[in-house]
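Two complexes are shown next, each including chain A; its partner changes from chain B in the first to chain C in the second.
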Partner chain A sequence: MTDAISISNAQLRFGETVALDGVSLSIRRGTCFGIVGESGSGKTTLMRAILGLQRLDHGEIRILCNPLVHSRAALKQRAGFIQPIFQDPAASLSPRSRIRTLMNEVGTVLREPHAATRERLGVILNRLGLPPGVIDKYPHEISGGQARRVAIARALLMKPSILIADEPTAGLDVSVQGDLLNLLQDIRRSDNITLVVISHNLAIVRLIAENAVVMRAGKVVEGGEIGSLFGSPQEVYTRDLLAAWPSIRAANTKR
Partner chain B sequence: MAISLRNLSVDYSLQQGTAHALRGVSLEIQEGEMLGLVGESGSGKSTVALALMGLLANNAQVTSGTATIEGKNFDLTKRNATAALRGRGMAMIFQDPMLSLNPVFTIGAQLCEVLRRRAPGSDRKTRVEMAQDALAKVKLSNPARRMNQYPHELSGGMRQRVVIAMALLSEPALLIADEPTTALDVTVEAQIMREIIGLRDRIGCAVLLITHSLGLVTEYCDAISVLYAGEKLESGTVEEVQRQPGHPYTRMLFDCEVPIDRQRHADASENRFTVIAGELPDPRLRPPGCIFNSRCDVSFEDCTTINPSDYPVRNDAGHSARCLRLRTP
Partner chain C sequence: MSGFFATLKRIGSERDGRLGLAFTFAILVFALIRPLVSPDPNAIDIKARFAAPGLAHLLGTDNLGRDLAARTSVGTRYALTLAVMIVVISSIIGSLIGIVAGIAGGWVDRAVTAVFDIVNAFPPLILAFALIALYGKGSATFVLLVTVVFIPQFGRMARARAQTLRNLSFIEAERMLAVHPVTIVVRHYLPNVAGPIIVLASMNLPVVIAFEASLSFLGFGVQPPKSSLGTLIKDGFVSINQSWWPTVAAALVLAIATLGATLLGEALRRIIDPKSTGAR
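Coming up: the complex of A and B.
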């Protein structure tokens, strides 16, 4: 099976700070890949590098076997197959335009008639459980969970084969969180999308990803198949992360 | 001395009408205990804290409610009812320490300000010493240097420690922590929770922990109260509520938590997550009957008409829930 994304020896410094320190990983097509680690470990920087929003000092990123090129044309072309869902959906939606305007932009980029975009959007909104009226609203008029779903709808409208979600469940209630994760799972299966989930929620990554890496201070501390990574972590840091996870296990065993 | 809050109701006047954010919420926290107040966004958790602190927005109106703190009664419907307690009887830890610390003053200046109020008449040198001591107590590295630093020079976890040090200096009878670890990493979260526990044990205050993480509540709290759409649905000791949730909503909340050791399907795309179907009712127009009725999986006829009162669960005086299924025929 071919790799959707492969990164070899990615290095990046911001002044004194080492943001990425020799990160190498490969993500198989059609799988879900988790990237976990504390804040400042370089998770989001890595995502920005994969999207071509951040140049690397050294190293190479290949997306669907093609090396990442930094040019406007390449960026535009890439938008057709790799799409992000940013951490703060409300901040990633322009506060000054209605959701409709935002979605129409997708049509412009795809050079698709607006009517066709709108038809596909209707299907996607329905699937995401969003009311059709949501497109006439401004981002501040919708709830956090809805904003996140709008961000996902926008990403899906581009018909990507790779979806990168940065902290998709941060700040969501447990009930809404489950809804969103089930949705991502559905999309993954029906559209055979490669899903990259960046999160510090270990319990969730453990359930939806096949493979994962643990990052710390710009390095990959440990990586591999989820079962063995979480079942028998080799590194001290991975064990610490797992131990720090607040769990309600105590009650379940008591029952 | 126990802290109690009785029959708190808060309205927000909005363009679209009056939203009833809280309806008759009562809480009780024993001295030296930590009460976890859980609920979804929009359930009114933060409004409880803000009403106690007297920090509600201008469009909010406390329509009823009294609080007993340090043996004194406060009528919360009056503006600034608890002003005398701010900085002395009550302290609050907010979700984002970057927003609760003043960016233009050093850490030291902000800590000393607390002491000027707490211990008027003390001289500057003593205050600086006490502030440094507090920073050391919350295990902030190099306290002397931190005193002269500004909030932006510290990490999120360090900032939250500063806020805890502030609370420590004001020696409150009630500490309110509103989502104190939401902005922090798991590893830092555990440290900060330990500091809050340390603070509680040191000064013996009551702690109100507002959170949507049941994991935190079960790990650190003594008691739990569940809030839904502005109404308290259940309360009791963490152990009892966890062992046998009296209200379907509490049970569903517990089911939604994803334990780190949950059974995992070999094909990761097959793993499903539990959800609570439906949405919060309109805060402007309360449906008759049980507030949770529309999302409940065990509701029956009476639930649409009768608003349940508080029933004890398993004849336990400390554990009660507002569900008609607990009615004794």
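Coming up: the complex of A and C.
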């Protein structure tokens, strides 16, 4: 199976700070991949590099086997393959545009008639459990959970084969978190999308991903299949992360 | 439109805003309606020269017996038209240049900022004299000149806003969707830059009105027999020994116009941009 994303020896510094320090990884098509790490570990920088929003100092990123090029033509082509879901989805919707306008923009990019966009959007909204009336609203008029689903709907409208979600559950309450993860998993399976989930939350990655890497200070500390990674972590840092998390698990087992 | 009335209501809810609204409204009525009903501003009536204000002549007459109310209202209309035109043109051009510089960064940004600095380095009046020497007197020169002087102010503000917006998720989301750059500028940058630009524009209105008056006062603005607030003050000044009315009448209208626009601009700033403090 080919790789959806492959990164070799990605290096990036911001002045004195090393943001990415020789990151190499490959993500197989159609799988769900987790990138775990504490704040400042370089997860989001890595995501921005994959999206082409951040140039690397050294190293190479390939998306569906094509090297990432920083040009408008390449960006246009890439937009059809890979779409992000940003950390703060409410902030990723232009505040002074109605959601309808934002959705129609996608149709314009795809050179698709508005009617066809509307039809596809109707299906997507229904699937994400959003009321059809949501498109007449401004981003500030909908809830955080709805905004996240609208952002997902917009990304899906682009028919991508790779979705990268940065902290997809941040700021949502626990029940909504579960729904959203199930939704992402469903979409991935039915549309054969490669899903990359970036999170500091081990529980989420463990629940949804098949493979994952643990990042720290711009380096990949450990990576592999999710069961072995979290079942028998080889690195001290991964063990520390796991140890910091299971206070809930411990509380549950006591019951 | 409801937003417009809501804004008016909020301006009216504070004392300064109410004063600004009242002054501006009075000036608008004076400038727009008064010329329609008043006598010919250029009609000479030597018998009635230097008449004091009264029923026949609301603000009295000047050295040739011309009705001062008519002349100041025409002058005010002229000043307002120029001011609005200049502020609208320079805010649109300035915003677009500033946004492009803010998005592009690099040498484009440095070049634009350098040009802004050069324009700002000249005192406006000196620049005005230079341009008038080059292109001659007249309204077109004046509009061109003041527009050029004001573009950097709008440009700088738009540039700063664009630099902030550029790194926000929603702009990056647009870029990731490969939305056309022109669409991104027009639909996503402009509306988010507009607030502070509108405030700056409203605060620059009185500045342009006063600037026009000073140039005309110095004889570089409107040419006789047309009247502007500046020429009226100057003409009155020449004959101030015979009658102080012409000067006072024009100066009073100028003061009310600039004060009204300033108060209104300040009130608008407090509503649209509550975080900023003090003047520009």
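Keep in mind that, in the parts below, the second predicted complex is superposed on the first by the 248 of 255 C-alpha atoms of A that agree within 3 Å, B and C clash if a C-alpha of one lies under 4 Å from a C-alpha of the other, contacts with A are read in each partner's own complex, and residues count from 1 in each chain.
The definition used in the following text is that a contact is a pair of C-beta atoms (placed from the backbone, for glycine too) under 8 Å apart; a residue touches a chain by one contact, two chains touch by 3 or more.
The shown structure was predicted, so the numbers you read here are calculated from the model rather than taken from an experiment.
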{"item": "Three-chain arrangement built on chain A, chain B and chain C clash or fit", "value": "fit"}
{"item": "Chain A as apex of chain B and chain C, Cα-centre angle in degrees (nearest 10)", "value": "80"}
{"item": "First (chain B), second (chain C), both or neither touched by A:95", "value": "second"}
{"item": "Contacts of A:15 with chain B and chain C, given as first, second, both or neither", "value": "neither"}
{"item": "Touching partner for A:185 - first (chain B), second (chain C), both, neither", "value": "first"}
{"item": "Which of chain B and chain C A:133 touches, first, second, both or neither", "value": "neither"}
{"item": "Broader residue contact with chain A after superposition on the shared chain, chain B or chain C", "value": "B"}
{"item": "Smallest separation in angstrom, by C-alpha atoms, between chain B and chain C in the superposition", "value": "14"}
{"item": "Contacts on chain A seen with chain B and repeated with chain C across the two complexes", "value": "none"}
{"item": "Chain A residues within the chain C interface of the complex", "value": "51, 53, 72, 75-76, 78-79, 83-84, 86-88, 91-97, 101, 105-106, 108-109, 151, 154, 158"}
{"item": "Sites on chain C touched by chain A in the complex", "value": "168-181, 183, 187-188, 191-192"}
{"item": "List of chain A residues in touch with chain B within their complex", "value": "31-32, 38-40, 143-144, 171, 173-179, 181-182, 185, 188-189, 200-204, 206-210, 226-227, 230, 240-242, 244-252, 254-255"}
{"item": "Touch list for chain B against partner chain A, complex", "value": "40-41, 155-156, 182, 184-190, 212-216, 218-220, 242-243, 252-254, 256-262, 264, 268-269, 271-276"}
